[in-house]
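Going by the order they are written in, the chains are A, B, C, D, E and F; count residues from 1 in each one.
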Amino acid sequence: MKILNLLPIINATFWTEDMSEYLSKYLQQDTVLDTWCLDFGPGSIEGEFDEALAASSVVLKCIAAEKAGYDAIFVNCFAEPGVRAAREIVSIPVFGGFEPVVHYALGVGDKIGIVTVLPEVVPMISGMITRTGLSHRFTRLRYVSVPVLDLGDDKKVLVNALVSESEKAIVDDGADTIVLGCTGMNDLRENVERALLDMGYKVPVMEAGQAAVVMLETFVRMGLYHSRATYMKPRDKIRTWWGGEEKKNI
Amino acid sequence: MKILNLLPIINATFWTEDMSEYLSKYLQQDTVLDTWCLDFGPGSIEGEFDEALAASSVVLKCIAAEKAGYDAIFVNCFAEPGVRAAREIVSIPVFGGFEPVVHYALGVGDKIGIVTVLPEVVPMISGMITRTGLSHRFTRLRYVSVPVLDLGDDKKVLVNALVSESEKAIVDDGADTIVLGCTGMNDLRENVERALLDMGYKVPVMEAGQAAVVMLETFVRMGLYHSRATYMKPRDKIRTWWGGEEKKNI
Amino acid sequence: MKILNLLPIINATFWTEDMSEYLSKYLQQDTVLDTWCLDFGPGSIEGEFDEALAASSVVLKCIAAEKAGYDAIFVNCFAEPGVRAAREIVSIPVFGGFEPVVHYALGVGDKIGIVTVLPEVVPMISGMITRTGLSHRFTRLRYVSVPVLDLGDDKKVLVNALVSESEKAIVDDGADTIVLGCTGMNDLRENVERALLDMGYKVPVMEAGQAAVVMLETFVRMGLYHSRATYMKPRDKIRTWWGGEEKKNI
Amino acid sequence: MKILNLLPIINATFWTEDMSEYLSKYLQQDTVLDTWCLDFGPGSIEGEFDEALAASSVVLKCIAAEKAGYDAIFVNCFAEPGVRAAREIVSIPVFGGFEPVVHYALGVGDKIGIVTVLPEVVPMISGMITRTGLSHRFTRLRYVSVPVLDLGDDKKVLVNALVSESEKAIVDDGADTIVLGCTGMNDLRENVERALLDMGYKVPVMEAGQAAVVMLETFVRMGLYHSRATYMKPRDKIRTWWGGEEKKNI
Amino acid sequence: MKILNLLPIINATFWTEDMSEYLSKYLQQDTVLDTWCLDFGPGSIEGEFDEALAASSVVLKCIAAEKAGYDAIFVNCFAEPGVRAAREIVSIPVFGGFEPVVHYALGVGDKIGIVTVLPEVVPMISGMITRTGLSHRFTRLRYVSVPVLDLGDDKKVLVNALVSESEKAIVDDGADTIVLGCTGMNDLRENVERALLDMGYKVPVMEAGQAAVVMLETFVRMGLYHSRATYMKPRDKIRTWWGGEEKKNI
Amino acid sequence: MKILNLLPIINATFWTEDMSEYLSKYLQQDTVLDTWCLDFGPGSIEGEFDEALAASSVVLKCIAAEKAGYDAIFVNCFAEPGVRAAREIVSIPVFGGFEPVVHYALGVGDKIGIVTVLPEVVPMISGMITRTGLSHRFTRLRYVSVPVLDLGDDKKVLVNALVSESEKAIVDDGADTIVLGCTGMNDLRENVERALLDMGYKVPVMEAGQAAVVMLETFVRMGLYHSRATYMKPRDKIRTWWGGEEKKNI
């Protein structure tokens, strides 16, 4: 099985070998994970402007990925740019970072507390929660005020901030499950969970990237697919895109 | 006051002088309405794939429009591609076709029945309703099964279909207000309303385009603006886009 | 166009020339605004008891206003006494202070924070929010503990209290839009907005009175009307009211 | 214990000895039930216009009833005109026809199907359901198209219509409990229930009037009272009302 | 009328004569209240594990009670183990401690604040609230951290804790009605209410046990029954239970 | 990895080798699936009475299974008897038939249509949906009127009935995903899906049993566990159960 890890950003250098290894941790032996990034788009996704810039590029990459023989696509971002759009045009499973971790978290407890990066992504994530119709299962959104591209700067400070916001989510908001609300902080999951445990909170801390690729693997294995009653195949008509020198039909 | 009528599609020929006149009908004397369309994107918007293709182009046009001195922007599509994204990057009011007509309709009655074009836009519009948190004010979505670019083909047949679906919305679903769910069928509003009246239903039929430009005019007149607590200014960072021959920073 | 500003209270002296000027600020040149008050009823509306006392008088004044040739009626109170009742019996647009400002605010941001006068109006406003089915768009109600008729006593103290409660609404409750929840504090809007801006919150502060008369003007201009599928014409039957010396049929 | 049966209408003749007997059927031996009606107001309540006309008269009668030594007041109408207002100004329990039967019905099953008189009361009752926050427990409203004052005309036809609408509520809408949505059709409860039983539906049919007086009796017996945290005592201030020849302060 | 007070626990000694007297306080002269407890099950109910252990025993006792001629059954626990199950198999009214007090409280105010015993019952009660579809009428759950069987240890400390949590429910959460969320603390209702009153809160404090038996009495008196459209009679089939020495069919 | 397939019924003969094979179809090579049933309880689960009879036996079996070294437990019933209770007392993942298939289905489409066996399980499943807070993602429940133990009688008739109800769910109710609402009809999934496809509906049909064991496998593989903030460990105290000849502490 071949899963594409599609970064909806232009920073190829952002993604390291370690990150791939981390992401593949729970995949089966024969599952291959490749990583692509965008040719055009934002350096990171920190709001709906960035998301809009990424969406069309993501969709076009998904078309390419299906042609290249991938079995499933992970759009590696909690904001899920282009994910629903891609499901209309390709026939393989496509997930972003939000849905899979949430769908697993629903089985872990009653109330999910998301801790994310910046205040400016809060309305975007809040809108995603509302759109899913699952609002009753979430507590208020919390954030650590660290931009995505600075997440690697000082891991200790970041873990402390995540733990502190997680504790507020548990004690003040009644969360019983913590979800890290940015796929860029995946490798801190265990540290945060352990710190909370040391403080007496036996509360699972869940990470979006691993959840997504395992969910995709399950979808492929079980032959699940996104419903065509909702994700209907787009009609043929003129659609143009930049193709190097000239307009190109998609 | 200068309002931009931004068509989020590439068909410049689709838009006629008559349509501009219709759209301006309720604007004040000194309000100017110009029309732009996209350089790249879909021929019409009939699903989330089309919407994703349009979003980035819309956002870039909005940046250009603000620089060109427009006071407000109407993204002329019920699906509102790129609208929330644009509000982050520009400081002038931006509305698509969904919100303004809905916000006026809330004052007209208790239950809004949307009649739109095709089954494939139903999940998209349904998602917009859910995301706004206003679901309790809508009845089920209905459609006439006519593609956007065929809307002009046989107006009589189209009006009949709209009237028939509107009647079901009123009688079966309990709608007390009808909203035409595509900005491409705006000029049929009066015909549909009159036909319903002849059948004994004194139910307002509302159209998205006129509602949007009048709402924008009101926003400019009263100095209203989209809250920066939600639509936060995007941080500076690398974002690239196609600029003719080479990558261009936005 | 003639709009009636109907005060649902008996204090004719409460309303000043300045207030009319303020209210008309965003109306078009040829829109005339007249002010009426009630013959019988409460001195101010600060609860459901006052509202019930006002309702019948409001409705009868609305009937008179339509006969007198008004094109639209603003029932000048956030609690909207008699507004839905009036829509059944007259055929011109009728708005109170709650709906129009809320419908505009829905286009400004995601979460509306109302700051009102007294604790005793909180259940009433809360009930209005619930009844509209828009609860998901509001944060908790806040108030400054100043009776309506004392609102003019010390404007500086009042502005400070409004700013302080608005800040809590923004920071603690997640409001991105502030609505002043009493039509008696309309002239403080700009002061509160400016003070919040000085504190770093670029959050619109909206006022109900101006929103209402502009909304009514728009309704008249565009020919919008309240749906008769909901606001059905009352059947003929005996209804009596006091008419000076004897019972009078309405 | 003395309970007042307050008809919020002016038709004293509408109410018969038989009706009082019916209403008292489940009261305790020493509970006295008196009936009052209004001096001014509507002949029946069939919409929000009628309700607004009744509200102030109801509230003033409630003040008089408390002074006259009544222990509890039943505002005998499903639309509950003035009920919340009255709770602010008096200190004895006040119920209309909607709440008590609904609160008992919640213990009878999962989904309440209301069958009422006319289409024009549907938005009003629908608004009451929404305002209570109990919408999830109701199926769609149904009606028999008979005006209140004609309810006594042909009982057989009326029962048939009620049974027919009740069956639709059960089979099509999933109701498991029927509530007769007008206090004027109380004496038909048993007939409707029996007819449904004969058709194979073991579904309770509940009536508002008996539910209300039994609920009031229970409130008085157990010393329950409406919370002053919500129904706050109105502040002293000028309020005028018609008192025969001149304005009178309340 | 004979009502069974069924303790869903095995501690016969827990229940005293005083408790029976307290519970019967508002019942009519000729209503008899007997008390049973379980042969097998938990010592107290403090979570869903205890509830599951009690459920089957409760249901079997309900079958026995109906055979023994009881007119109604109170399953004396806020968690209502086996209550919905019992309604399927017996034909007399069955209530636990949650529903009746809540249904009365809905008529007392707008927002119910439950104060219960332990953090571990919070998810269970929270689930009950959600399942009823009445969530909009509740504020967050609060607890005093005292196990059920220790409730009698130091009444003064317990009352203080209840008052303190009730105050938070009123001031911080906006509750206007307090419900004691465990049938084991019923005799403290008056103390808590009086203490709150002394602090200036005229907020009713309601207790589950008395509410339940009075509700049952009302159901029997009025001939109300649980709808068979929801609580359908179980089909005949093999079901076994421990009957001393051998498997026994139920 | 060892997963227990715990049938919450007493019919050991009901479960065949074929069924185990079917259930294991998507499990990994080294995952072992064993099947247990109850010593006491119902022959099948078709309502809350049956569920209550099963709950305590299920919980005790779960304790035994954890002691016997199982890594995870599938309580093989859509009604999930004792599942939440078991999560309190054991530390391994426990799922019933409802949650896992629903959590996967949420990633497949927007609206889940459940088709189940009998009308009497509808209120029970409806209650489960409400309790999860996911109601917005479900259409109305539909059923084929076949008792659980007759599901094997005539597969062709059963498939036809399932297809017919599924079509109504898709066309009339707007479902885009079908879930078979009883773990006893799992082997019909493919037939129903294929029949729908032949009729032109590209709508996934999902089955609860396979979803559950794959979800459990994922939980064990990824080290996920149910949150102890919600499923708190029960306190030590007396709890008795039948132990052959005498009372036994649990």
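Here, a contact is a pair of C-beta atoms (placed from the backbone, for glycine too) under 8 Å apart; a residue touches a chain by one contact, two chains touch by 3 or more.
As the structure is a prediction and not an experimental result, all values here were calculated from the model.
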Fewest touching-chain hops separating chain C from chain E: 1
Comparison of A-F and A-C (more C-beta pairs in contact): A-F
Centre-to-centre distance between chain F and chain B (centres being mean Cα positions), rounded to whole Å: 44
Approximate Å spacing (C-alpha centroids) for the pair chain C, chain F: 53
Overlap residues in chain E, where contacts from two or more other chains coincide: 110, 123, 127, 130, 132-133, 136, 176, 230-231
Inter-chain touch pairs (all): A-B, A-C, A-E, A-F, B-C, B-D, B-F, C-D, C-E, D-E, D-F, E-F
Chain E - residues contacting chain A, complex: 123, 126-127, 130, 135, 140
Touch list for chain B against partner chain C, complex: 26, 28, 95, 99-100, 103-104, 106-111, 132-134, 136-137, 170, 175-177, 201-204, 206, 210, 214-215, 218-219, 221-222, 224-231
List of chain B residues in touch with chain A within their complex: 10-11, 40-44, 46-59, 82, 84-86, 88-89, 119-120, 123, 127, 130-133, 147, 149, 230-232, 234-235, 237-242, 247, 250
Chain E partner contacts - residues on chain A that touch it in the complex: 110, 136, 174, 176
